[in-house]
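In the two complexes below, chain A is the common chain; its partner is chain B in one and chain C in the other.
For the complex of A and B:
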């Protein structure tokens, strides 16, 4: 069955057979994904990119592919960012028009399920789908592609302006006792000079494995704010790969908030494939208990005069572990590149651990690139100062931790999204403090 | 009954004895000054009173307002009306001065069994006090002490005192690093807080501040002990003769 016995590739056996009415390019895409995944196998710590995130436990779980769609699911509003936004919903990777609220969407913005577009106008997807997600060393994105038949599809016409954020909610719902695995997919094609804010939320209940892949095309001069909120259920596994392609003068403001899941890895690859691009990818992560949270980024400076900026801040408690891997590649032609990267983590307990791996690879000679990483504890002087003013220890800690994280949250450009994420951070702390009191 | 009664207080930092038997009684409404050369233990005394970790009391007792002060956590001491103006105020990025003052005031009000102030009431309350100390709205909006000049930090300390309205204020070298104009502003702020009930312990290295804030009692601290106590004329004598004359061989 396997050509190499040391490679594990669970999840592959139930990959869907292509239907006769599928376009041939789609069947080929899926088969290619499956083949690549089988060849590579599930990553192990022997793979450099997965050195700090071990999938052994995941590989031993007996996940069931999702069967027929789960009917009785509601959107858990109280666990999502509070936003006045258009909303589209996936449940276990399947698009759910019945849970989506897209009324009043401005002209030029088209949001739908990938399955619907595949049926109605597959030719629109052929040049985009799977063209970004496929590159070497991404077996889990390949696995997602092997299962590709639904997901979010967002087309924004040239010059269109989205008046409110678009909230894309992916819900994981285990039916019965068996943990399920599913493959949420996102395709965004943001046309030239458009302006839009997209918020992705990932949430769910029970044990499940969400293995997502997103492809985001940002046209020349477009401004795209993209915030991802990962608040999966406590027993969930969340692995996601986002690939972004940026053209001349595009502005991409990305943010990743992660506090959910038992094991979570969010990987972002941005190709700055044009001149005068601004690409910002920042994030905040809160890990507690036995959680493992991984943020891996790869900024690929291909052409000259581009700027990239990354500010990540994390807070670790319990025996949690977090990983930050940030690679910046400046290719030969990418003169006058301005790159900045910072990862700061706060350890609230002695059992928590942070692995930080910045990586600069520079082939152009006229560039400005810097990176920094720090891991520290709460400032005892600051704590005493607050307490000397009557503020109790718990409140003082929360104030300092929130201030620490807020620094990264402040990178979010859209004010409404920034406030919503900031509130979520506070809510997470409040929840955790309650848990501690319960124990 | 005395507001503060320190008896034979010994305290160590990192295993080294710094305070070597301090006795001090402060009655309600009294202003005491503690003067002493650098390294004599002035800040150590203030930290022991405020309850900082790492400052270990090895002997003696401190009664405050009829209770054992040393048994209280730092925030409980603040709640009971003790205030420490820091010699080196701490910079706290990400927490605005305004938010800090509001959290602190409402925490202390809770100890006093008073209702928290809402946003509007609080704004009015702070602005009245800030105006007196030339603390601008801009300073209130900025992160606590971050990028503040020395003078701004000290004015901010006095503003905190004015907001929290303590029963006993310990001001540790609130005058150091201030030019004469800033010193006057701070002194006026402190004098405006004087009431027949409120007591103060003013720690200073120089006599200068005491020209503006008249103390009832002056103590000279050297090498962890109070060597002399007297009225405000003692400060002038120190100014004239220097610490050496009073502390003798003990002053380094």
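For the complex of A and C:
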């Protein structure tokens, strides 16, 4: 008769990680996260924010928390964007100094593992860690906080300039037969007037569940380029929540490329909590087979005179399903807001499904906000044009699809990153086409 | 001192002027006991002399209603409704011997219509519109019936259709909006008092526009209208629905259900002008308008078009939808919604594409002023079977003043690669340049706003039948009075 209560709260059986020397605020933070997660449970489609992404399959998997760290892991260079960059590496959520390459880092930029900072100077993290995560309706971010132990920690001093991109690589590796779950964390504190480019890559092999959370503080006048590349293994579950806080005149240029994982959801929340901010969050996604890829964004205009721009483009093949949910909130004081959002999806096969929910919530009158969404197939006229010039159907289709996606990739402001991502997208296409021929 | 008195007087005049259709006509009512119970349902059914199957259906709906939760997802705020503090049946006393012509109609009733500016006689003679005037719950006059009968069109109160065409009513009622659809629809199914029934036979193009003026009159009487329109193969009908209501303090619940069905090549055009009492500047009083409207395009190449101009009600909760089942069928939704003062509106549409080559168009214009909140909420769903389906959606919002809100929540679900779905939405305000341009040419600020807003809504207004378009344009001006300056 005893019902398995933990079923409702998978992943939360084990006690949060703790050390005897943990500061009390950290223990409180973890406990709070665990309590919130247990109160809310794993989201179901009955929760509006999770209407289109069902976690039933995920909840049925028996994931084991990561035990001892995996030693024999190498960085899969061929699956990462080709960048001349500083590199830091996480394996199953644990910071690996041995795999990182941070030599020559300019003065004023500090990259390390969260666990190390927690031991060396926890006071530095107290005002930042777990302060930005928006708890309401985010039980999985709470779950990450509950098991917060390690991750990337990036501090950029006021006025510092990062000369090369910083590449943060998170590798998922299942040890033995049991699939593992881990909780990568990212904390970025970009000081006033600094300039930096951060690229996050998520790769891995086997079945695992990467439940990430990121908190990004962007100081006044700072320029932060932030690109995320999610090319997890085919059996992986990837759920990530990124919360961004922007101050006066900050420029945040965000991009998300997703093509990996069996089920992937990337959620971004940006609070434009200052005047004259520019915030761009764009993305591209390729889904095939039985993949489920979800992009959810929330742009919160708090103060006046800010601009936000979103361009998302996706291509769906096989019986894949993709979700785009984008909300723009313009609060009462956010006059002179300029908000733009566009989501376009291409359906290439019968059985693929696109669910889109762009949303505007506006309480200020002197604003300019618009959103657009389209779903459809390749333009027959464009196909005909190419074929009339002697290009075979397959090549013509590939050309058009690549051009379609490249439009979104073009939103990336940093040229080196843009090229690297563009190349990656092409490589992904090539790979998929080969797979099709093999089949 | 004198200045104060003057101000008070001025304010008084303005306040009285605020709602031009606000007055209560004192007519004796025969009402059901206050509150909702199985007895109330039985009372209504008995009053209407309904067949057994309908009573059973009502009771099933009532029992189901008891188990259903209130829909919570809409972006509207109001105190919980006390269903026991309302009357569910009110009919003009003279129900037993119905008037045969206008002469027999209670002069007071005619007076009411006159005040509203819709004299029945004039409408009959000049506009050529058959008016089935619903005064509270019982239809008191049905005109042009004979002319319609000649071509075989059935246009009568639904209570009459239940007696005269039970087979049609039984077959279709609840087939498009089942009682379990939502709590408000369940309530309507249990206690609906009257409404319209229209049947257009095969190949008939209805010779005139059918129109019903709904009025809410008795204090504390929620209205539960139920409309059923069946357009048989190759037929066409344009149906007009318009409402005004007297001013009062207490909230009133209105939960209507409208069901439309079109067979092969048939078309229904359903137009609504809704101008119920929106409550005063502080949001006191006003109608709760919880309506379930749905059309089923069952036949090939059939078409259903909804047009609505929503200016009244304290709360509007309304999503006229189309289920496009027949291949090549078309669904359209044109909407203008205006909210001022403390009004709240959560409205939109659903277009469910099932058949091949189905098409839908959505044009929604929302204007929010004062401290009002307005939401467009829509769903476009393309099923895997809807080969070649097309949708285009355009949602524009206009904000007047910095205290109001305008929101857009579209859902797009597409499961067919040959389908094409496009959604656009914009939000803006009336620019200072536009206003200045008009003022410079001698228009008052209110005239200027009315002009600009009418231009903003033009795309929708032009889909309204002529008689309505004129009325609706005036209504837009009246609704936005006091929103600027």
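Methods note: the second predicted complex is superposed on the first by the 429 of 439 C-alpha atoms of A that agree within 3 Å, B and C clash if a C-alpha of one lies under 4 Å from a C-alpha of the other, contacts with A are read in each partner's own complex, and residues count from 1 in each chain.
In this text, a residue touches a chain if its C-beta (ideal position, glycine included) is under 8 Å from a C-beta of that chain, and two chains touch if they have at least 3 such contacts.
Remember, it's a predicted structure, so these values are computed and weren't measured experimentally.
Q: Is A:403 touching anything from chain B or chain C once the two structures are fitted on A? First, second, both or neither.
A: first
Q: Regarding the shared-chain residue A:375, is it in contact with chain B (first), chain C (second), both, or neither?
A: In the superposition, A:375 touches chain C alone.
Q: More residues of chain A are touched by which chain, chain B or chain C?
A: In the superposed model, C touches more residues of chain A.
Q: Same chain A residues contacting chain B and chain C, which ones?
A: Touching chain B in the first complex and chain C in the second, no residue of chain A appears in both lists.
Q: Where on chain A is chain B touching in the complex?
A: 379-382, 384-393, 395-396, 399-400, 402-404, 406-407
Q: Mind listing the chain B positions that touch chain A in their complex?
A: Going by the criterion above, the answer is residues 50-53, 73-75, 77-79, 83-84, 86, 89-90, 92-95, 100, 103-104, 107-108, 111, 143, 160, 164.
Q: Okay, in this complex, where on chain C does chain A touch?
A: So the residues of chain C in touch with chain A come to 73, 382, 384, 397, 399-402, 404-429.
Q: Provide the residue numbers of chain A that touch chain C in the complex, in ascending order.
A: Touch residues, chain A against chain C: 48, 332, 335, 345, 347-377.
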